[in-house]
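The structure is given below, and queries will be raised subsequently.
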Amino acid sequence: MKGTWRRDVILLSRRRDRIMVGVLTGSAVLAVGVLVIIVGYVLWQGLPVLTPTFLLEAPEKMGRAGGIFPTIVGTVVLTAGAVLVAAPLGVATAIYLAEYAHQGRTVALIRFGTESLAGIPSIIFGVFGFLFFVIYLDMGWSILSGALTLAGMILPTIIRTAEEAMLAVPREYREVSYSLGGSRWQTITRVVLPNALPGILTGIMLGVGRSVGETAAVIFTAGASLRVPHSLFDPVRTMSVHFYLLAREGISMRNAYGTAAVLVLSVLAVNFVAYYLMHRHLARLRGAGR
Amino acid sequence: MKGWEWLIRRVLVVMAFSSLSLLALIALFIFAGGVPILAEVGVEQFLLGTRWAPTRGHYGILPMIAGSLWVTGGALVLGVPIALACAIYLSEIASEPVGRLIKPALELLAGIPSVVYGFLGLVILVPLIRVLLGGPGFSVLAASCVLAVMILPTVTSVSYDALRAVPATYREGSLALGATRWQTIRMSVLPAARSGILAGIILGMGRAIGETMAVIMVAGNATLIPVSPLDPVRTLTSNIALELGYAAGKHREALFATGVVLFLIIMGLNLVAEAVAGRGRSR
Amino acid sequence: MTAKVETHDLKFWYGKVQALKGITLRVGTGEQLTIMGPTGSGKTTFLRCLNRLNDLVPGTTREGQVLIDGQDAYRAGADPDALRRRVGMVFALPIPLPMSIFDNVAYGPRLHGVRGRHLAETVERSLRSAALWDEVKDRLGDSAFSLSGGQQQRLSIARVLAVEPEIILMDEPCSGLDPISTLRVEETVEQLRGRYTIIFVTHNPQQAARLGGRVAFFYLGELVECAPAAQMFTRPRDRRTEDYISGRFG
């Protein structure tokens, strides 16, 4: 009697196993499906709008007609500015964390700052940038205000990725350098940084991706001007902001789809580059470590 | 040479404090902006008041607090099971090549701008809800669905890392006793990864509470406490983003005060996540 | 014979675990000393105290003295980078840096400001001294990973020679090599003898016997005995030494 009962249990648990594995696989398929639908839908609707004139002409009637050229300029300039500020700070922080200090109160404080900053919502960055850069420092709605706000937002990403990249450099390389009489800074610049570079670039690319896609932090700091800027103190409108205004205020769905397609394509490109760099990097380190 | 090394170290320390200084600066300015109105209206009145009509002197943000809770709760209910399932699938079931295809896809999902999510919610989800379930379509449900997709990559990747960190011996021990794969996952792998998974969920929760533009586009933004998932809703973040553009005087201060509340909620969540992750590490 | 390297009651801890229990040892200028002992006997830790590489490991403590040319290596104000330049080290596994063969050897001289023709000469001389020049002279620009294990280890030796150290520490440099490569490395060490003060670590008694010179036997963080190879392998004074060289443990 007992024997049959046991076999029932085993059969039941086997069937349950098959069901659960099916459910888990289904969820993964669902997640990938959502991605395919999102990217596919945007490109399907948006690609027909993408013509050279759409990319290279200024908008007319608040974006109802014409192209998106000034918003492309705005996006590029703001992103470049954000990276120029955040990359040195982020890499320096990562060097300090990975190469100089490993524990203690200073490190705990820096980590707390970085982790907390990573969790701050972009609208808070927007409000802060508005209060601090736009009003308090009197920079107005400008490239400068927007880029500095974005820099703060992408800083934690760059720190984390750069630190991981440096920690992935084998300890033995450092020991060889030290054992030949290399100082700490020589070891960092000649052995650690060259080998961590692809990983660091990956972090920077992720930061670029976030900057390109950001809206809330930018709209209150860089403004929404549709003119091509001439100085760092001019306001700009990024593609994301333009797209948000077009779609939310129902100005032009056609141009909204076009802008969305450009956005999605740039994010795809940025992610692809980041992913490629990371993989080449890991493969190289693995090959070296044998 | 020695002086040079010393100088570099000093410079690096100073630069390394940039993130902490920025955090302090953010706290300082948001509080300076919002505290005056909080003092004038009274914290209790501000947090528990149900009427938001800042141009007429009513500064109650309870509808927005409720809105953020509704929307975030909905996103977790819809998103976490799928995210967890994805993480388990990737870590326990998927073969190497399949995993190498799905992981970057999820990372890509994280990289898509939030306005794009909001827009697709607006053109696909909102009409769908209006037709199938009634109501205006702009609703808690629409916002929760959009947020569920947006937190999916975060929760999945943190949970995945937690699952991967479980030593192989846990699995082998269980499988060797004749347990099925699912039994092994449920009784031995998941409990071991519990704190990491929890940290991932809290992180996703922070994402959901903090998301702004995508929510604005699909939530309807009415300043009423929602009673059904089909009611329109306004979150704390939306409240700031919708009105900061034109607000002035006390109205503007009230938006900064909303920011203070949001900042405190997020910092609280950060601390909880830190504590949970720390407990996981020490074990 | 004047003492090039001298330690007095050297003790070392990793956290609470004591790895060296008071080592007192003298190595003369131009001498080649072999340190022999089983895994975990403190041989590597001892070497890494001599060039202060252990400074870089967090959570460690050291007591006792290390004298290089009679000067305390750990005195206040001593510069570990300058010390390491005088005390070269070859690691247990060959660790080529991920760069070309030339750049590997040139790494050290470049750190100390050597450039141009002088650099090329230094690289060639070092590769010749390490008996590697003829094998690599036509492909100096190739990745160092393209070399075989034995060649990589001789590259490591050339890399150390290029900074013109006075003392060379060799931490089981043959442990990852096949017998033929091992022989080549041993021949190289033979040629370097007299020109440098060499401390060679091995867990292999046969290798210690082949290398000759004085042999120090380490066991569980203690220096059991130190004697010329001929004497140690024929008339060990300590029971533990006898057990080890006769292969009863380790």
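Assorted remarks:
Per-chain residue numbering starts at 1, and chain names A, B and C are given in the order in which the chains are listed.
In the analysis below, a contact is a pair of C-beta atoms (placed from the backbone, for glycine too) under 8 Å apart; a residue touches a chain by one contact, two chains touch by 3 or more.
Source: prediction; values computed, not measured.
Among the remaining chains, the Cα-based centre furthest from that of chain B is the centre of C.
Think of the whole protein's Cα atoms as having one middle point; the chain whose own Cα middle lies nearest to it is A.
Centroids of chain A and chain C (each the mean of its C-alpha atoms) stand 47 Å apart.
Between the Cα centres of chain A and chain B there is a gap of 16 Å.
Mean C-alpha positions place chain B and chain C at a centre distance of 55 Å. Counting partners per residue, chain B has 1 as the residues that reach two or more other chains. Touching two or more other chains at once are residues 183 of chain A. Contact with two or more other chains is made by residues 81 of chain C. Of all residues in chain A, those touching chain B in their complex are 13-14, 16-17, 20-21, 23-28, 30-32, 34-35, 38-39, 41-42, 88-89, 92-93, 95-97, 100, 106, 109-110, 112-117, 119-128, 130-132, 136, 152, 155-156, 159, 183-185, 206, 209-210, 212-216, 219-220, 240, 243-244, 247-248, 253, 256, 260, 263-264, 267-268, 270-271, 275.
Chain C meets chain A in the complex at residues 51, 53, 56, 58, 81-82, 84-85, 88-89, 91, 93, 95, 97-98, 107-108, 110-112, 145, 156, 159-160, 163. Listed in rising order, the residues of chain A touching chain C in the complex are 102-103, 170, 172-183, 186, 190-191, 195, 284, 287-288, 290.
Across the complex, chain B meets chain A through its residues 1, 4-5, 8-9, 11-13, 15-23, 25-26, 29-30, 32-33, 81-83, 85-86, 88-90, 92-94, 102, 104-109, 111-120, 122-124, 149, 152, 156, 180-183, 185, 203, 206, 209-213, 216-217, 237, 240-241, 244-245, 255-256, 259, 262-263, 266-267, 269-270, 273-274.
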